[in-house]
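What follows is a pair of complexes built around chain A, which joins chain B in one and chain C in the other.
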Partner chain A sequence: MIEVIETAPLNSVQDLGRVGMRKFGMSPAGGMDRLALAIANAVLGNPRGAAAIEFQMFPVRLRILADTGIAVTGADCNARLDGRVLPPWWAIPARAGQVLELEGVTKGVRGYMGVAGGIDVPIILGSRSTSLRDGFGGLDGRALAAGDVLRSAELVAIASRDAQGFGVQPPSVALAFGTAGPRETLLRVIPAAEYPQFDDASQTSFWNAGWTITPRSNRQGYQLAGAAPLLRTEALEMRSHAIVPGTIQVPPSGQPIIQLADANSAGGYPKIGVVIDADLWRIAQAAPGQILRFVECDVKTARAAARDVATYLSEVERLSSYVWSRRAA
Partner chain B sequence: MSVSLEQIIEILTRMQAAGVVSLTASGPGWSLQLRLPEEMRSSTPTSTATPQMSIAMSPSVGMLIRQHPLQREPATSRGQVVAHDEILAFVAAGLLYRPVTAPVAGQVVDCLVEHGELVEFGTPLFRIAPALHQGDGHAD
Partner chain C sequence: MNTGVVELAAPRVSLCGDAALLLDAEGSLSLPTQQRIWTLSEEVLQWPEVVDTQPGMNSLLVVLDPIKSDPEGVATRLLDAWLRTDSGRPAGRLLEVGVVYGGEWGMDLPEVARILGMTIESVAQLHASTEYTVFAPGVGPGYGYLFGLDPKLFTPRRQVPVMRPADSSIAIGGAQSNLRGPRMPKKPDMVATGWYSVGRATDVPVPFDFSRQPPNLLSLGDRIRFRIERIDA
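After this line comes the complex of A and B, so read on.
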């Protein structure tokens, strides 16, 4: 059990998302960085899809109410457990009464906290995710607030071979590709259905220009700004059609939008590309002011990248099981 | 019978905890002999009367990570005052980062191994001059 002593806005309970509900107009919600969320569970021996806490704003102070194990992954949030520094991507046994403080991020944007046994909130439409936009799921359909108490789905105490816990190699190292400049993030993108409708100059600048993340960027989507607008040879109207997280739309302004976890299930803007699923976590950790660069790829590369993510995750799961012992508390 | 590296490390850790320096086991078609490395045989000095140097050792076979890839500075530098059990560095064994911790509160007088070097189980990594007042050394 965990009590929220203090929290900034927009921090919520999330899991891997409300999968399969888009046909009913539901956005998937779920962690923006689903890889960090899955790792926060994997290192504790939880199912990958157990619910965890997503932190987007800081500071945060939480009190542990029962002996358990916790893991903090994603952005380096300058975490301290009872005043002791926790390195990034770290798992550690936690005792009743200890206080976890997250001061703020130095690198990345979103932090995740897993709890042994997973966080127990009701499953709604197949997921424990908070849909902040529609006000349901998670803890009463809202962001966390001081005084909230979160229960573990299963009370599990954890002993580690290392009393100070252990960490994992962050995916930014394990899954690195290409060479990005400072403050740049590379994303692999498959050209989408309306890509051929864009003029040559737009197609070229889509791949070659850097796209700055504007402050109008959140869990619904990131609005980008580039030097020259992306234009189509003919301004055709389109009917609304299904879109997925990662879809890059181009509204009439010519400045692209990447649709993300809380996006609508359908949209009518032309799609120039789709960020591959294996790279969505990279967007979640890129902050306004930073630059995104799109690298063209095909379905084969996307599948290989997905396999790399799966291998990383199962290797972390396997190695972590040697370090921990779990028992019912 | 097959024994993984992780299992051997587990056995060595338990041997160290129990003060056992060598172990022999055998069965039909196999035998196993383990000897605790010299550095692991004496446990952390507990005497406060003689301010002996204390050594922080590697918890695992792997690569020494003195600076976490997401952080701007090494976790520990020479001259730094550290608390008992404070994390000084990491040893990367595959994708896992195991912590190298300070066996006593005190001051780091020497960093014995460079970032990126391969270390073994029990390799001495930091020399620490124990603090004169040996509390639990919490800096806060």
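After this line comes the complex of A and C, so read on.
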């Protein structure tokens, strides 16, 4: 059990998302950085899809109420357990009474905290994710607040062979590709149905220009700003169609929007491209003011990237199985 | 500016990244074509590499497992399946909704009338003269995308979104019209939209409620009829 002593807004319980509910027009919600969330679980021996806490805003202070194991992944958020520094991407046994503090980010945007057994909130329509958009799931459809007590899904104490815990190589290192500038993030993108409708100059600048993440960027989507607007040769009205997270739409302003976890499940703007599944986590860790660069990609490369992510995650799970031993609490 | 709607001569399947495909049906919006989309949606959901499906207006999104599937292979099978999918389905149930057109909540009715060169009365009467069918799930849980707007009422969406009431509104956007459910707790009063608010439903039921089984009031193929209660200038 974990008690929230203090939290900034917009931090919530998330899992890998609510899949299979598109018949209700529901977008998946779930962790923005699903890879960091899966690792927060994997390093504790939890199923990948167990619920964890997503931190978007800081500071946060949590009190551990019963012995357990915890992990902090995703953004480097200056985590301290009873004042002792926890390195990023780290899992460690935690004792009743200890206090975990997350001061703020030095790298990345969103932090994830896994708990042995996973966070226990009711499963609604197949998922424990909070839909902040529609106000259900997680903790009664809302963000964490001071005084909340979160339970673990199973009562397990976890013993590590090493009381200092252990860490894993972050995905930004393990899954690095290409050469990005200091405040840049590369995203591999497959052109979408309306790509050919954009004029040559727009197609060229889509790939070659840097796109700044504006402050109007959140779990619903990131609004980007670039030098020149992206224009279509003919402004045909689109019919409403379903969209997936990662879809890059171009509204009449010509400045693209990347739709993300809490986006509308459908829309009517033209799609110039879609970020590949294996790179969605990179968006979640890119902050307003930073620059996104789109790299053209095909299905073959995307599948290889998806396999690299799967291999990396399996390796983390294999390592973690050597570290922990479980016993009934 | 050309604001015609894209219409394809032949069906097309395009990639939405590596984990989804979009089938766009040929021709214009019609009930028989949309019925084929619903049937295909249910069939494809049984395919092992398919994670979820979502009909759109004249389209079907197919979400894939990026590890298990070969999107280009599934695209070919999807197009084949579309060509042999039949239409034909019994008519769904009918919901009647009372509407006050214009006034404070239908503040865009005069603008729509001006754009179309009609009186506000004739816009309201034409809007309420046809039956609307739930064609596709909406942007979130709700009444979904409706088909049935008279072509004479087509009004291109605004280039710059405006703030409009979020609850119980009836709006026109492009070739479509929609209905929003009543005010819900924890939801904003106003939303940014490129659609025109033309009226307010006076006693619209909650479209999505977890205490019901299933939670959605209307399903694909169900129908809505708007009844004029009043037309306010």
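A few notes on this one:
By our rule, the second predicted complex is superposed on the first by the 329 of 329 C-alpha atoms of A that agree within 3 Å, B and C clash if a C-alpha of one lies under 4 Å from a C-alpha of the other, contacts with A are read in each partner's own complex, and residues count from 1 in each chain.
Throughout what follows, a residue touches a chain if its C-beta (ideal position, glycine included) is under 8 Å from a C-beta of that chain, and two chains touch if they have at least 3 such contacts.
Keep in mind the model is a prediction, meaning the values are calculated, not measured.
Three-chain overlay on chain A, with chain B and chain C fitting side by side and no clash. For chain A, the partner touching the most residues, choosing from chain B and chain C, is C.
Looking at the shared chain after the overlay, A:P170 reaches chain B, while chain C stays out of its contact range. Of the two partner chains, chain C is the only one that A:I243 touches; chain B does not reach it. Touch criterion met: A:D76 reaches chain B, while chain C stays clear of it.
In the superposition on chain A, A:P252 makes contact with chain C only, not with chain B. Using the contact criterion defined above for the overlaid structures, shared-chain residue A:L319 touches chain B, although it does not reach chain C.
Residue contacts after overlaying the shared chain place A:R84 against chain B, while chain C stays out of touching range. With chain A used for the fit, chain A forms the apex of an angle whose arms reach the C-alpha centres of chain B and chain C; rounded to a multiple of 10, it measures 170°.
In the superposed pair of complexes, A:K107 makes contact with chain B only, with no contact to chain C.
Nearest C-alpha atoms belonging to chain B and chain C sit 22 Å apart in the superposition, given in whole angstrom.
Per the touch definition, chain A reaches chain B in the complex via residues 76, 83-85, 87-89, 106-108, 161-170, 172-174, 312, 315-316, 319-320, 322-323. Within the complex formed with chain A, the residues of chain C that make contact are 1-6, 12, 14-20, 22, 24, 29, 51-61, 63, 66-67, 70-72, 136-142, 144-145, 156-157, 159-160, 173-176, 184-187, 208, 210, 215-216.
Only residues 6, 10, 13, 59, 68-72, 75, 83, 85-87, 90, 92-99, 101, 138, 140 of chain B touch chain A when the two sit together in their complex. Those residues of chain A that touch chain C in the shared complex are 19-27, 124, 133-136, 141-142, 189-193, 234-244, 246-247, 252, 264-268, 271, 274-278, 299, 302-303, 306-307, 310.
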